[in-house]
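The following block contains the structure, expressed as structure tokens.
By letter and in written order, the chains are A, B and C; residue numbering begins at 1 in each of them.
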Amino acid sequence: VTLEVQRPSDSPGVLRLILSNPPANATSIEDLRSIADTLENLSPDDHVVVVSARGKGFSAGGDLKEMGRLEGHEGILQQCLESARACTAISRCPIPVIMVVHDYCLGVGIELVGSADIALANEDALFQWTEIDNGTVGGAAQGFRMLPSQVLRHLMFTAEPITARDLWIRGALTEVLPISNLEARSQDIARTIAEKPSDLVRHLKASMDSIEGLNVESAMRFEQGFIFQLNMEGSGSAARAAFLDGDRKGLKGSSALPDT
Amino acid sequence: VTLEVQRPSDSPGVLRLILSNPPANATSIEDLRSIADTLENLSPDDHVVVVSARGKGFSAGGDLKEMGRLEGHEGILQQCLESARACTAISRCPIPVIMVVHDYCLGVGIELVGSADIALANEDALFQWTEIDNGTVGGAAQGFRMLPSQVLRHLMFTAEPITARDLWIRGALTEVLPISNLEARSQDIARTIAEKPSDLVRHLKASMDSIEGLNVESAMRFEQGFIFQLNMEGSGSAARAAFLDGDRKGLKGSSALPDT
Amino acid sequence: VTLEVQRPSDSPGVLRLILSNPPANATSIEDLRSIADTLENLSPDDHVVVVSARGKGFSAGGDLKEMGRLEGHEGILQQCLESARACTAISRCPIPVIMVVHDYCLGVGIELVGSADIALANEDALFQWTEIDNGTVGGAAQGFRMLPSQVLRHLMFTAEPITARDLWIRGALTEVLPISNLEARSQDIARTIAEKPSDLVRHLKASMDSIEGLNVESAMRFEQGFIFQLNMEGSGSAARAAFLDGDRKGLKGSSALPDT
């Protein structure tokens, strides 16, 4: 399994999900399915969820190599459907979800982060809405709750990388800090919430979710109409193939991923 | 009376409401009722409203001691209904409402501030969404128009205090400044607006209110369904009792209120 | 013609619109009509639009002198209807629209900027929501996607000028930079977008537009109900006449326009 599920005995009420998919933490269909399955089957004793990753960075985006190995449209189809399930499970989770991002976060990784209640990152972490370079259009519903509209559009139309610090300055993320403090601070927030009466936290979450009016499931379904069309028309699969062939113009220069 | 209503002769068109409820400006049911009553009965000569407080700070939140003195659910019920009336009266006020916050602003105080058109604070003022520690869930409708969603969720789930300066950095409040300039600057803004043609200001207010689509009344009604449920279930009243008993864990350390 | 339309051969896919209406770039009815006409008749080879201006500043707001020359309500009526057409054409444009603001941007100029996907300005450029001083109420739909609600209300109720840098700090604009870099950077962004596959960019734009839910046409129609009422009642035309007579109190002191 690529998703570790922990309930640490020294932090009662804290449910930890740890992504670990070497070498680069490309987010696989199985990762997304495991997140959804876990959040749809919480224990009444779970008071707060913390999602982080082990390895080089939080998420290298959807696993294009896996998609390339699957037959026909199967790869992109499963990535879409399971990412919608995972993001919906995060945004509708009955208890708060805290995302802890280190070093890099691309594509579907940002969709997961933007679906959550609270999101921390180390200040140098690089974020990149890579969708347009990978032949897809996702992430707007989550992006619009992180950033002013025009700032998001700039990032999504250009696929320019941006640091966590610069994202924070424009309104996104709840906190950015040195990587040495990231783990301790996120655990501190999780414990603070876990110690509140759980019925109060659950009622507050339900109330805020409705008043915010976020509907990740519907928005992703809408976006995926465009993604499926792009794949029927051929542009979607062509963009993924170009990535795998390594021939996309200026790729290394514009990618937020370290060379591997 | 705990709400002073002034129409200063040197500032024609400016209606001043001054909260004064010693020792700490806990916001009483009567305070909320007076705000609503005043704003629902404006004179055609009123062009702009300025709400401030006299004493240690702007608002210590809803008056838990008063709620404790009233029979059964009467205290929480009246606080809820009158805070919804006051916030609705502010947000639907036909003329602009300016809130001037000094030193601290907790719980229902933030709901009042977030319902207004313009909000200034001294840069060191402490804000705290104390709802979750007092057994309630309110303030989301106002909070979502002050802060990005995830930033608000962090503050509401943890009840961490935050300075006016840090709130301003994340998008809330129109202006933060040294306390020595707070009164002069807020009067300056009020006079600027009062000198504009009043029919223009009223039309602009009505137009912006509709286009923003804020519905404080409906959102608070929705939240209060959860508050009433929490009190029927017992958690709401238990949290208030714990506060009054002074036995809530770490209270002094985490409260934005100065020791009294 | 006051709107130059260019398709530079060294930037394939980039459509440039350049406003030029000496001496001050007051935005005429013809300017607005030309923007709408051009964006409603794009070529399939256009991948991205860049709108800028030549001369002292980006826009001095709607041309009050032109409105004064037209008979009866004709001036304000045509300004309103054509500004709604232009803003709608920008916000519904099937390809991204980049606004490049230099030195000043008032009134309807901000409505154009706020309707676009991406907006850059030189850091010292002055913005001013002059509507209330000119007897109108427009710009809220665009303003609410640029700024937090209370910040926008402060600017619209007071008509205070604000620099691009200060707007950026509060969330508006995608980038502010020294004027010497403005042209190069905006062309760089345009070329980056123009090089992406155009079907992907168009699908992404359509998807984001729907998910954001912005409806400039409906919001401006709503606002213009108030503007038309103000002109039937006389306050709207009186404010414009006062401007033309140069007798509005403190005008020079509060205007973002340089003396001409």
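The working rule: a contact is a pair of C-beta atoms (placed from the backbone, for glycine too) under 8 Å apart; a residue touches a chain by one contact, two chains touch by 3 or more.
To keep track of the chains, here are their UniProt names: A, B, C = Enoyl-CoA hydratase.
No experiment lies behind these values; they were computed from the predicted model shown.
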Chain contact graph, described as a line, ring, star, complete graph or other shape: complete
Superposing rotation of chain A (Enoyl-CoA hydratase) relative to chain B (Enoyl-CoA hydratase), computed on C-alpha atoms, to nearest 5°: 120
Residue-number overlap at the chain A (Enoyl-CoA hydratase)/chain C (Enoyl-CoA hydratase) interface, same or different (half cut): different
Where chain A (Enoyl-CoA hydratase) and chain C (Enoyl-CoA hydratase) are represented by their mean Cα positions, the distance between them in whole Å: 35
Junction residues of chain C (Enoyl-CoA hydratase), two or more chains touched: 171
Chain A (Enoyl-CoA hydratase)-touching residues of chain B (Enoyl-CoA hydratase), taken from the complex the two chains share: 131-133, 135, 137, 140-141, 144, 148-154, 156-160, 170-171, 219, 222-223, 226, 229-230, 233, 235, 239, 249
Interface residues, chain B (Enoyl-CoA hydratase) side, partner chain C (Enoyl-CoA hydratase) - complex: 96, 116-119, 145-146, 171-175, 189, 192-193, 195-197, 199-201, 203-208, 210-212, 214
